[in-house]
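Below you'll find a set of structures to go through.
Across the two complexes that follow, subunit A remains constant while its partner is subunit B and subsequently subunit C.
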Partner chain A sequence: MEDYKYLFKVVLIGNAGVGKTCLVRRFTEGLFPPGQGATIGVDFMIKTVDVDGEKVKLQIWDTAGQERFRSITQAYYRSANALILVYDVCCQNSFDSLPQWLNEIELYAGSKVLTFLVGNKVDKMSKEIPTQIGQQFAQRYDMTFIETSAKECENVEKLFMDIARGLTKRARDLNLQPEENNEFPSGGSTPISTFSCCKI
Partner chain B sequence: MATIRVDATSPGNKNVENLTDIDEIQKAYDELCREENVIAEELSSVFEHQAMLENKMVGLHKTLPNLQILQNDSKQLSSMISFTSTLAENVSSKVRKLDLAKSQVSQCITRVEDILDLKFCTDGVQTALQNEDYEKAAGHVHRFRNLDESVIRMSADSSEGGTLETSFRMLYESEEKLKTIVNSKFSAAVHSGDVASVERFFKIFPLLGMHEEGLTKFGKYLSSQLSETADRNLKIALDSSGDVKRSSVLYADTIIMLLEGIARTVEVHQPLVETYYGPGKLIVLLKILQKECDRQVRKVVEKFKQSREYDKKVRLVQTSLIAQKQNSQENRLDPMEVDLLLSEIVLINNRSELYLRFMKRKAMGDLETSEQESKLMEEGKVEVEKLINESDLSRLMQELIGNYIMMEEYFMKEMVVKAVNMDVTDEGAKTSSMVDDAFFIVKKSVRRTISSSSVDGVCAMLNHAGSTLEQDFREVLYTRLRGGYPSGFDLQQAYNIMQSSFQQGKLTSSDQEKEKARTLFLTALNNSEVSCDYCKALKTSLDEEVNKLYSYCNEHSKAKLETCLNDLGSVPARFKDVVDFGFSQLTSSAVKPRIKPLVDTFLATGHNLTEEEFSNFEANDPWLQNFIANLDNMLKSFKESLTNGNNERFVNLITGEISVQLEKAVIKTAFNRLGGLQFDKELRSLVGYLTSVTTWTIRDKFARLTQMATILNLEKVSEILDYWGQNSGPLTWRLTPTEVRQILSLRVDFRSEDIKRLKL
Partner chain C sequence: MTGCCVCCSALRPRYKVLVDNIFPEDPQDGLVRINMEKLTFYALSSPEKLDRIGQYLEKRLNREVKGHRIEFVFIAMDALDQLLVSCHAQSLNLFVESFLKMVQKLLECDEPELQISATASFVKFANIEEDTPSYHRRYDFFVSKFSSMSHSGLAKEETRQKIRRAGLHGLQGLVRKTVSDDLQVNIWDPVHMDKIVPSLLFNMDDPSFLATDAESPRDEEHPSYIAEIVFRDLICRASYSSIKSVVGPVLIHLDNHSLWVPNQFAVKCFKIIMYSVQAQYGYIVITSLLEHLDHHVKSDPNIKGGIVGVLFQAVLISAGGSIGTSVLEVFNILLRHLRISVDNKSQNTEMRNKEIEFEDEVINTIGQFANNLPDYQKIEIMMFVMGKFPQFTSDEDVGGAMDSQLQMNLLKTLLKVATKYKTVTFSNTFPPEFLHPLLRMSLLDDPQMRVTVQNILQTLIDRHNNTVKLKHVVLPADVSQLDLTTEKASRQDILFMKKSGMQFYWHIYENMQMSSNKVDNFEALFCTMSLLAIELGDAEILLELLRLALDIQKMVVTSAGLPITHKCAIHGLIAAYINILAYLSSISSLAEYVQQVIETRKKEAKCLLPDFAYNRNNRPNRLSDLENSEDYRSSDLVKENCLFDQNKIAECLSSSGHDASRLSSSFIQKPYNAEMGGVSRSISDIQSINIEIESVDGSPSTYRKQYDEEITVESLKKMLAESSGANKDSEDKRRLEILETFRTAPFEEIVARSEAKSNHFHNKLNEILDNVEDPSERLLTEEDDETGSQATIPVFQMQFPDLFVY
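== the complex of A and B ==
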């Protein structure tokens, strides 16, 4: 089939309007889209990048932030290799919603998922969330923190490349320890005991 | 050339006078002589060219007169050309003047015509209004509106100013009058329900430049009609609720009727708008109709939610999902309670998508025929996208589908739990009911989602299906295998149990437990195996179903669907892992311990044989018959309980185990020539038997043992060289030289020096 060494799924989440779609378009198409409508449901892009000479394919799922799309977007958490949780550094409300998003991650994502916290729109003057605060929040919940601007193309490449590198390293380490690879069951942090009621 | 020569010789000349030493003089003389020779050569070559140059000179002299003629001719030509050009210049300037004059004349004619038209319009409008011929009156006004008023005024200001002014005034007055009349007549027609008149006046608006107004009024008129029908239909639906056959999709039917009604209205009036209002205007009408559609759909959806207890069920499923996750039995809604609701929602969404696609196609089609410049075109497209995406209908459907996906996920997972809880194995069946049931449910749920034609919904559901199978269902199978295959339970024991149960009248409970555990284990192993195949089949059939969506979704949606489908393709491998795990359990608890004692009977049989023993063995096999009989019993008992695929895998496992253990035993055994012969015979029978019980090739597994037998069967040590290296022919040795020596040394009659001396 296609020529790539690893395939990873990356899912972007966060309130509507924080710039998820812009981040993805900036990274995949190198542009800042003027006045596109809000994302409906889930959008999907592919970009293949190079990590230490190996082709790594990123499957990027850009989700709509509104409540009514929540159950659709939740369906993507489980198989995600990395999650990008985005807030708008000029919007206190988007930062205040982070705990709710973390709750979603806790409920639906796999335990091994790589999570990045992204403060977007740092190009704007009216910054409401100081870098320090974002940094602390990320640390507390074991996320990698980065501030970006999709508009000014700041740190966008770095964000996705860090994810590609992080996941590639993980995959390589796992290949070196095949037993751990076979560990059962893989997948989500969701308790798989759903059926333990029917044990023999 | 001359300069060069002087340069070259001058230093020599100067120096000659100062020379005193005879050697130097001699050297200078030689130098001069050589130069002289060179010069002489050059001279002669110059002389050689002389003749040729003279020839050329003569030739040139001859052509000289011709050149003079040529020059004269050219001068003449040039003066002719410049004369012609002046002439052309003259002509063309006259033509230009003529052109200008002509266009002025034609403009003049147009203006005269315009003025005539103006007079004609002025008169015509009056008469038409008097005759209530509004179309004609509007036609005159339309003609007048297209005239360039300022130009007409300019061209006729002096002499005719008075009459023109009157004409204009009259026309303006008539236009206003006409507008008022058309407005009121249209309203009156709407009021009295006079469809013909409504359409009649709708066509007049654009002639008066009242496109927006006409479309708005007409849109409102159509909306009110739609509203009436919709109310009537909803009322009928609410009244008829009860035992009507389609009562479970009553609201879906009502919405479908509503949407089809609107689509029909658009279909019917589109030509009217295009003809009388021109292309690019339909969107105005569509927007108004969509507003009405939104209003009506909201009403029906509200009733639907009320009557189906939608909100309550959504809440119940939400809490049930949490209970499901926490594995609590309490507060879990019976999934069948939402089954019908789910089916109705997908139907509603399906028709809504169909309708929205229709509206989009109409709007885009009209936009494209308007042939606007690209910027306006882009704006138009954004407007169309907005009309579709930001309609309440879209929003309502997104909400419905969102909740639908949540409930469908619950339905699927809960039904799978039920299937597992109610698992039964039919008498003689190798798999149990839960596999068929679980896959049936997953397929049902995904297919239902596909029938909603919501791309995002299908993608989400494909993800859920994958996780239900790969995680939840696989965990059930895995848990059952994790218990392991109860060891120490075989046919002999089963026979004993039967015997004792006949004597005692019942089976002991511990044996019963073991028997049950054994069946459970093997059934789980079989279930895992068929799950691999079922997964593949599920994917194939969903591939086909999803394909039907492709015809009306864009490339992007298609890529999304394909990606999610592909993920489902990785699930069979996850079940294969479970099968492998099960077999590793089986190997450690059933295969290894049973093969061991069998192979021990080989060890117990000597292979250092006398002639007498050898011929005795021929008649009375010392171990192999028994070995095969035992093996056969064991394989038969498993074959009864294993699926074909698993049985093959099992035989393969046994074969591998036998070859490994037998190899170890051979190395511990002493052979003589006859013993080697005996072993060769034994091995052939064993391989023959095993080949008969499987379709997989097993010779490869026995390649090393067969080669050992060959070695043990040699007459003398050096004979190995007939099979080794260059002489190996088609045979590929699986034994290393060290191993070959080791096997040779098993022969008690071979001398170790001979073996050592071998060059392998």
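== the complex of A and C ==
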């Protein structure tokens, strides 16, 4: 028997060093790893959360921000249900490359993907991107905006819970299983097959 | 969930009891063997229960995972593996579902040990051949997870390596499982390949591993090594349609990780690909590389160079199969890049140098491609390359806009291809439609290019590696010192020379009087002439070559336009050349005479000897130096006894029983000497037609066929106007000479000539018949041409005896 109702794939993207891995680890393991090295390729975490009494499993794919891994990370967000686009509020550069990321999302991600814009590292003093700017940017591109701090555990839980809720709501609204092409429910009681978590 | 209670066991289904029994009290004891055997036996005897066993095991496993009772998890996996391996029933299908769910469950855990164990189970599963289709089974998660494992960045070296290894094995298992079966998910889908291939390459590209040389025993457990094996495995399974989806990610990976410069790793990758790929698909890889080069048109020349370097290596490996169906397309792409690179005139010297490096790479690669072609296609390719020269395209293009650098590069390309060509018979090597444009190029403006053209000729003519020995104009008293390899010319080759020799002679002759000649040019010409003599050293041909030498000498003596240095150089060249001819013809009296002349020169006119004329150290720097130079004092008026006398040579020849009568008739006419002085590009449209008419031995019809685009009404008009005026005198002379030729020439020669002519006529006729695309126009041109030349030039009437021979 399955221990969850819905399975969603969440992919984190954004420039190198904005704190994607820290966000994920804060959420999944509840710790802030000091001196976290650069992610190589893609990392994978899983976390089951509770949304309105239903178990929702989040498959979190944490991608490398470095340019050289771009091709393999692109392959991952093709099948994502939700994307978390992260920038560093203390790094103008990471904010400036957002349009480029949006471009990639448009090229490679599915059209129905839920996108969150996250300004990370708000605990730092030297904030360069005011909340207002981030908010505006997110609005313009139809994203949900949230500012977080992986270090201080600020809004991290909220971020992922919002995603889980949003996706669950969407799945229910559509009155569909989260996977459109899940035409073969496998033996168990749940309609969701873990092997059909693919859609392009 | 609480069904483990012993008192309830009697009420529970038998399979549950059996499953529960395999778990020991104490996890340290491991799987209970006897009970496991019982379970297996049960499963085998009632396979319809297998799926339920699977589900129940899965449930148990989930519980253990949740409770972090790792030992029990391992025991459950062990049991699953054993069941999987022992059961080959129809119902395995449903069992597999539970099995895969469990594997996934474990892979989702954070514990490296669990992930590794799950992968091991998956690999076991992958080796099982299922007999029932499983359309709905999807491996997306596994592809993603295994790829992510291959990229593991765990801090602990040992664990990281283990995880990576497991990931790679998992990928291999996936490929094995899915690739052979059409009913399985299509692993070649880009969605999967975009993850799998970069993961493999990422692991292969381990500098610490690459560094170890091939000799030392390889660490077979190293992820890099495993990745390589998996990669090979993947490539050799790829079919026609799937090669591209593998090569594509490889190229992108190399781009992203900037691995083109330096390109060792790229070369390594493509070597693996080329060695592993099924031979008949090799060309797809090559094509992909070529296309990738197109992508990089605007990139740094270093990157392009890296790609072409890889291409070169790949072509080297794939040998015959490298080209595929579109031979010319391959060359066209490379030539286009050559052109783009040349056009890319960068002011920056550094960039320019890089471009030049790239150009050289391209040329080498073209050579390598050509090397893989059969010989007849090499000639075709050379003709194709020549077609890229502006002179050979339409008239409007001749504007001279063509970059000389590009021409040089094209010539280098030609040379590269030519060196790969092994001449057997000359008639095959030099079909008229190839020979003529090539010779035409030997009269290019740029002296350096002319040298290259000569080099092309040399490599094509030379069959015995004599070129190196003749690189310099030398005049040894004993020619055998040069250690020339000679072989008797075959009848076929002699016939070829009779047909086309005149073209060689004429072009060499013209080349001699180019005022832009440098020492290199003369040396190259000497080499070509000597090679002709060596390769086609039949008595009659030698006679003609002697005649050529004498004609050149006459030209030098009479010509006013040439600078003194040139004259000396040519005199020296002729002396050395006649010396070689004398040796080749083994006429001792001739050799003696040559020595005699040389002795005289030594005393009276040192500057006419190659030792002086080809000594780069004593070249005068300024013209005034040259005028006043002691050494040159007498050269304006060369004394008779320093020259080779035609009559004396004739004597030598006849004394040894050769027919020297033809020596007296100089066959080289200079019908447009005057024009030559002004325009050093001697070949313009009209002139090329004139050559045809002037040279009796030539084969006019062939020329025309090839350059029919040049015969325009305009040119005919010009010709009409000119031939009546300026060329009248020479025309008359010519006519007399043709008469003379037919009176004196040996019968065989005349036969050979007319034979050639009728052959060409035949070819021409076929050509016309074949030419269906625009027959009316083509014919019209031919007719115009025919009538035009007959009406104006009486030479053709004089050719009738030719036909009567038959």
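Going forward, the second predicted complex is superposed on the first by the 174 of 200 C-alpha atoms of A that agree within 3 Å, B and C clash if a C-alpha of one lies under 4 Å from a C-alpha of the other, contacts with A are read in each partner's own complex, and residues count from 1 in each chain.
Just so it is clear, a contact is a pair of C-beta atoms (placed from the backbone, for glycine too) under 8 Å apart; a residue touches a chain by one contact, two chains touch by 3 or more.
Computed from a prediction, not measured in an experiment: that's the story for all the values here.
Touch criterion met: A:72 reaches subunit B and subunit C at once. Shared-chain residue A:3: touches subunit C; no touch with subunit B. Contact with neither subunit B nor subunit C is seen for A:31 once the two complexes are overlaid on the shared chain.
When the two structures are aligned on the shared chain, A:174 is found in touch with neither subunit B nor subunit C. By the touch criterion defined above, A:133 lies against neither subunit B nor subunit C after alignment on the C-alpha atoms of chain A. In the superposition on chain A, A:39 contacts subunit C only, with no contact to subunit B.
Put simply, subunit A uses residues 37, 40-44, 46, 59, 68-72, 74-76, 78-79, 184, 187-188, 193-198, 200 to touch subunit B in one complex and subunit C in the other.
For subunit B in complex with subunit A, the residues that touch the partner chain are 324-327, 329, 385-386, 389-390, 395, 398-399, 401-403, 405-406, 409, 413, 417, 420-421, 423, 455-457, 459-461, 463-464, 466-467, 470-472, 474-476, 478-480, 483, 517, 520, 556, 559-560, 563, 567, 577, 581. Every residue of subunit A that touches subunit C in the complex is listed here, in rising order: 1, 3, 37-46, 59, 61, 64, 67-72, 74-76, 78-79, 183-184, 186-188, 193-198, 200. On the subunit A side of its complex with subunit B, the touching residues are 37, 40-44, 46, 59, 68-72, 74-76, 78-79, 107, 182, 184-185, 187-188, 190-200. Per the touch definition, subunit C reaches subunit A in the complex via residues 51, 55, 59, 62, 66, 94, 97-98, 100-101, 104, 108, 110, 135-141, 144-145, 147-148, 150-153, 155, 191, 194-195, 198-199, 202, 249, 252-253, 256-258.
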